[in-house]
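Chain IDs A, B, C and D follow the sequence of writing; residue 1 opens each chain.
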Amino acid sequence: MNEPVRIQEADFSQDEEITALKAGSRRMGGIATFLGCARDFSEGRDVREISFEAYGSMALAEMKKLRTEAIAKFGLLDARIVHRVATVVAGDNIVFIAAGAEHRAAAFDGCRWLIDELKQRVPIWKKEITPQGESWVTPHP
Amino acid sequence: MNEPVRIQEADFSQDEEITALKAGSRRMGGIATFLGCARDFSEGRDVREISFEAYGSMALAEMKKLRTEAIAKFGLLDARIVHRVATVVAGDNIVFIAAGAEHRAAAFDGCRWLIDELKQRVPIWKKEITPQGESWVTPHP
Amino acid sequence: MIRVLFFGPVADRVQAREMQFEYTPGLTLHDITARVGMQHPGALSIVSFIAVNQNQVHDKQLALHDNDEIALMAKFSGG
Amino acid sequence: MIRVLFFGPVADRVQAREMQFEYTPGLTLHDITARVGMQHPGALSIVSFIAVNQNQVHDKQLALHDNDEIALMAKFSGG
């Protein structure tokens, strides 16, 4: 079984992640997931490819902390976080988060908190490659 | 391609649903999903099986209305709703909702609204089969 | 003919999935629910929603038409 | 030896992924960022987060130890 928190170049399967998430508990009634995908334009510019770079060791450590914190904070039964570090095109998967709980409110709250915190706390950078050139994405405040 | 709104006995694949959801747009940056599963106990009682019954024609019509309303209300790019009507055991999938949008806030808001409204508006009933007998589930107010 | 459908907990109490009533001009939804309630008061007590031709209705004075399909439904518990 | 790591937009401006500085007793985080900033002011201007040994730190007066790993990082844009 794959680790619940991973940084990887390869794509992932939601079915496999959900099966792994469920494996730990028969009390899981609600699973909320978030899948972030590459879009073909961003702020009006055509985006041909997006490439990612990570401070790998710190990023993985932060993602593991996020998972542990979310499980405690929202009473989740389990959670998984997978982030690709690769060059992707429109439609490709980038990040996947799954939060499982007895009931749906905790699952939704935990999942949303995880992606919001991931964007704030995990050292990964995104570069957009457009017909006009490449540029690092500056996150909105 | 499967219909975006379905009631079916068979299980479903999240990977297939997400692939179908994405197929309509290259502008989809965030996909929020909710998966409801059968739990092995409910309010302190062991649950061996859960069986569902639907007013099929009305349930499907309501689910289609929900999808249309959610797309308009949250500016979604697409949404899918699948509900099983079958007898299931702990860990089995029951309902799947996916909401795709340009950004994650709309995807999360739309997905959560869809499952909340589905529970209120779609004529489906759940029966729990426990060692002590069967009983229809009375929803919380 | 007016068809009345029962599902789940209501069907269990009525011990039937369907009843049929003859259509007569001027028949209202209330006339139908009253007849079902006379025969099955325990079933009617858990009816929370009523649909006519698959649309929820709240006004029991609604005039029915021949071949209408009525559903008397307990609270939903899907999802 | 103190290793200073650069990623993404900072690495592009420094045109390097790593710099090394000799460790001397009493060396602080501020001493290191000042040295990098002298050589690459344009890179330092986009540094929003600093990590020492993979933990974010906010106090530039932090005393460093030999073999510490420092990262000078632009705002994250993962997810």
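Here is the rule we go by: contacts are C-beta pairs under 8 Å (C-beta built on N, C-alpha and C of every residue); 3 or more make two chains touch, one makes a residue touch a chain.
Everything numeric here is computed off the predicted structure, so don't read it as measured data.
Colleague: Determine the shortest chain-contact distance, in steps, between chain B and chain C.
Modeller: 1
Colleague: Both chain A and chain D are touched by which chains?
Modeller: Correct list: empty, since no chain touches both.
Colleague: Indicate the whole-number Å distance between the mean C-alpha point of chain C and the mean C-alpha point of chain D.
Modeller: Result: the chain centres lie 73 Å from each other.
Colleague: Averaging only over C-alpha atoms, locate the centres of chain A and chain B and give their separation in whole Å.
Modeller: Using C-alpha averages as centres, the distance is 22 Å.
Colleague: Could you give the separation in Å between the centres of chain B and chain D, each centre being the mean of its C-alpha atoms?
Modeller: 48
Colleague: List, in ascending order, every residue of chain B touching at least 2 other chains.
Modeller: Where chain B meets two or more other chains at a single residue, that happens at 36, 115.
Colleague: State which pairs of chains touch, listing all of them.
Modeller: The list of touching pairs comes to A-B, A-D, B-C.
Colleague: Chain B touches which residues of chain C in the complex?
Modeller: 5, 7-9, 11-12, 49, 51, 54-55, 71, 73-79
Colleague: Touching chain D in the complex: which residues of chain A?
Modeller: Against chain D, the touching part of chain A is residues 36, 52-55, 57-59, 61, 83, 94-95, 115, 118-127, 136-139.
Colleague: In their shared complex, at which residues does chain A touch chain B?
Modeller: Per the touch definition, chain A meets chain B at residues 13-15, 18, 22, 26-41, 90-91, 102, 104, 107-108, 111-112, 115.
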